[in-house]
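Here's the structure, in structure tokens; my notes come after.
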Amino acid sequence: MTLADIARHLNIPVRGDDAIAVRGLATLKDAGPDQVAFLANRAYLKDLASTRAAAVLLHPEHAKECPVACLETANPYVGYAQLSQLFDPMAVARLEAGVHPSAIVAEDAVLGEGVRIEANAVVGSGAMLEDRVVIGPGSIVGADSRLGEESHLHANVTLYHGVVIGKRAIMHSGCVIGADGFGFAHDGAGWHKIAQLGGVILGDDVEVGSCSSIDRGALGDTVIGNDVKIDSQVQIAHNVHIGDHTALAGCVGIAGSTRVGRHCMLGGGVGLSGHLTLCDGVQVTGMSLVTNSIHTPGVYSSGTGAMTNQQWRKNAVRFKQLDEMAKRLARLEKRQLG
Amino acid sequence: MTLADIARHLNIPVRGDDAIAVRGLATLKDAGPDQVAFLANRAYLKDLASTRAAAVLLHPEHAKECPVACLETANPYVGYAQLSQLFDPMAVARLEAGVHPSAIVAEDAVLGEGVRIEANAVVGSGAMLEDRVVIGPGSIVGADSRLGEESHLHANVTLYHGVVIGKRAIMHSGCVIGADGFGFAHDGAGWHKIAQLGGVILGDDVEVGSCSSIDRGALGDTVIGNDVKIDSQVQIAHNVHIGDHTALAGCVGIAGSTRVGRHCMLGGGVGLSGHLTLCDGVQVTGMSLVTNSIHTPGVYSSGTGAMTNQQWRKNAVRFKQLDEMAKRLARLEKRQLG
Amino acid sequence: MTLADIARHLNIPVRGDDAIAVRGLATLKDAGPDQVAFLANRAYLKDLASTRAAAVLLHPEHAKECPVACLETANPYVGYAQLSQLFDPMAVARLEAGVHPSAIVAEDAVLGEGVRIEANAVVGSGAMLEDRVVIGPGSIVGADSRLGEESHLHANVTLYHGVVIGKRAIMHSGCVIGADGFGFAHDGAGWHKIAQLGGVILGDDVEVGSCSSIDRGALGDTVIGNDVKIDSQVQIAHNVHIGDHTALAGCVGIAGSTRVGRHCMLGGGVGLSGHLTLCDGVQVTGMSLVTNSIHTPGVYSSGTGAMTNQQWRKNAVRFKQLDEMAKRLARLEKRQLG
């Protein structure tokens, strides 16, 4: 691949010798003469002058400072993302079609053109895999589940029955879609299981990280919008709705029936209680607990920052006295002003 | 199925035409004329008058306000749970017995009557599966493990060797029972692994959610009581004991050797330190950290609620000054009163 | 096995009859006359006088109080760890070599001597398994991955392509190594995936718990040092580096590009933000959030301890007023002193 090929793929101009051959991507600092680097964050501007890269993807404003060929674009980070796709060995387009002889595919499953099913995968009765779907080794597609065009289950993914996933989904290993929501009725002595009769629907361009869980609905469906990005170790309970373009970082937990808007971002380890509504454009910082609905876009937080354990012990004890302290403070004010 | 069939199953009376055919369950708002709805929460009483359901499962006190046939019961939520079971396509009773030809079952494994082993499952040497056990596709039953009657491992579940599970268990995909507890001895330079020689025992009617971990004991066993319900993404460390009828919501983590009583409820993301005792009837709200034993039933919490990041930054800084603030407050009081 | 065999294995002296046959390990309290017990914590000294064990592994200072044979060692906890290895049925050395006929092994995979590959495992093209590696049932080794001598993947482990793991690793079921890091570029309307082109490198003697995730790097590698011990349900994001001998308890989450030093210990549920540096010798207590780098060894904490929900509600409300309280306190002081 030459710089000219790359420029054509990104549909942007090259400044410099576009015949240079390129075999990969690297940071400004690490790139060798057959790699493309990028400048998407001013913090790395210091590395530009000394880069040995074949070319640098950057904003036109930095072109003059670039000692090598330039690929100029208004949003170099997006350019880097697009460029990275060219070098991904696991890209669906690069994998050969075919069903491995050890895979178990139900006779009535419907497979589109160019589908790839890898070793020891299992595709259940009535499942429908659209064109160019890839099912990784050991993955299970439950009965009557559907996967849209070019969706990719990596190894050891589990879809329960009746799960519906849109186009170009990427599901990482160990994730489980459509397990029972956590629903039980208590009779005073013990628990009665509530069968989870709803489904799970994921839109187009959804990515789910490794070992994440998205449960099926109790009656209605759990619904994940288009272009929702979900990291690893995330738990999404029954009947949750997530709006388009929202991103959930690792270890997030969302309790039942909560609705998260579009273009939201939840930091790592954030917990949302059940039956809440978060409007569009809400960001929650890492490890915050949200127990009330949020109706105004913005950034929200809870918790306290880390300090030495010695300091923390003293302050944490005072936290238990905080209401009493507030009352004593009010009393002092009253006396002084009275 | 008719309303009469349902009433017979729940052992409760129908008021109205019991010959109506029914094909499912729905909420009061969504139910069509071939679905049963339920009223278990006063918040939904507003939807009763306009429901189009075939019938409504409700407390007798609401029967007069119901525009359609009634299924009357003292605990409609439990009634709904029982009714939901009739419509669950994954109910063990609805699955056909038989061992899939691709399953690998050790010659000396003991299978009861009506056992079902699905594609690519592996059952180890000396394992014992009681009557009507179901092993989902890709699931692994370790050597010498035992599963009680009608227990159901969904797809891609892993049981290590020597795991003992009671009757009617439901184990969701990706859960792992019996992996090594986290035990290492430090010699001043590095770690020596402590082989985890204990086992894991789960009682009857236990449910474990997707991608949850229950580790085996170091010497003695990790013990989960009867009717314990465990959600997804939960971590239960070695030698933990959980009492009967306790429920653990998603993302709970319990450190080694802690004992949780009967009829406890831990909210999502709760963390319990090791070597604690929680008595019966303790509830802990979401994302609380418990570092001391609890000897009185009741509801416990820690942490702080979410606020805007702007407010939070100010308050979180003050938290680090809290002990100093408390001392200044005491000084002021002393001066004013002195 | 006799006490003499054990003493030879641990290379320590026996005091008492070394011909006694031993079949296992137990606590001082539970041990029977064919089990060895240990005293590694003064809290259990009270159980020493009444133990029925065959022998007790202990520090020489307690030998006089021991009613049975003694195995004396300066560090009885390390002795216990070493001894426990003798009784582990899953020890790699105890498992028979051989490839199960149902395993799918690529023709160009390279297998060392004594390799064991269990039922339905899948080993990809170009993978290299060094001597005595064990691949558990249903585990997947991605193309071009490498496993050092005596490494053991338990059942249903997933390694993506190009993962490099050192010697004597233990990877528990459901863990996923090398899934894509969570990287996306936003173009103002939605997300563009950044292909994760880096790798994952694990040193020697690493253990990874069940259902844990270690993501591959975006460009460079995610690097886990030697003798790093990782519990269950842990999330390690792309390009994280973890220093040698560090231990991460269950449910820890570490965001991208953070570097954790050597000999660190992170308690259960700890969260580290991205792009931080923690120096060697840092300990963080359970469920703390760390959002800034730490440059001084020591113990760090955040959060607040659990209290009754009634108390907590009052104090948590006051937390939201904390900055205002601090200002009022300062005003009072000024007036009183002014």
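The letters A, B and C name the chains in turn, as written, and every chain counts its residues from 1.
By definition in this document, a residue touches a chain if its C-beta (ideal position, glycine included) is under 8 Å from a C-beta of that chain, and two chains touch if they have at least 3 such contacts.
Predicted model, so just to flag it, every value in this text is computed and none were measured.
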Copies chain C and chain A - interface residue numbers shared by over half, same or different: different
Rotation angle (°) superposing Cα atoms of chain A on chain B, nearest 5: 120
Whole-Å gap between the CA centroids of chain A and chain C: 25
Multi-partner residues of chain A (at least 2 other chains): 102, 120, 138, 156, 174, 211, 233, 251, 269, 303-305, 307, 319, 321-322, 325, 329, 332, 336
Residues on chain B engaged by chain A in the complex (per definition of touch): 24-27, 30, 40, 75, 77-78, 80-82, 84-85, 87-91, 100, 102, 118-120, 136-138, 154-156, 170, 172-174, 205, 207, 209-211, 227, 229, 231-233, 244-245, 247, 249-251, 268-269, 286-287, 303-310, 312-313, 316, 319-323, 325-326, 329, 332-333, 336
Residue ranges of chain B in contact with chain C within the complex: 102, 104, 120, 122, 138, 140, 142, 156, 158, 160-161, 174-176, 179-180, 182-187, 189-197, 211-213, 215, 219-220, 233, 235, 237, 251, 253, 255, 269, 271, 273, 284-285, 288-292, 294, 298-305, 307, 311, 314-315, 317-319, 321-322, 325, 328-329, 332, 335-336
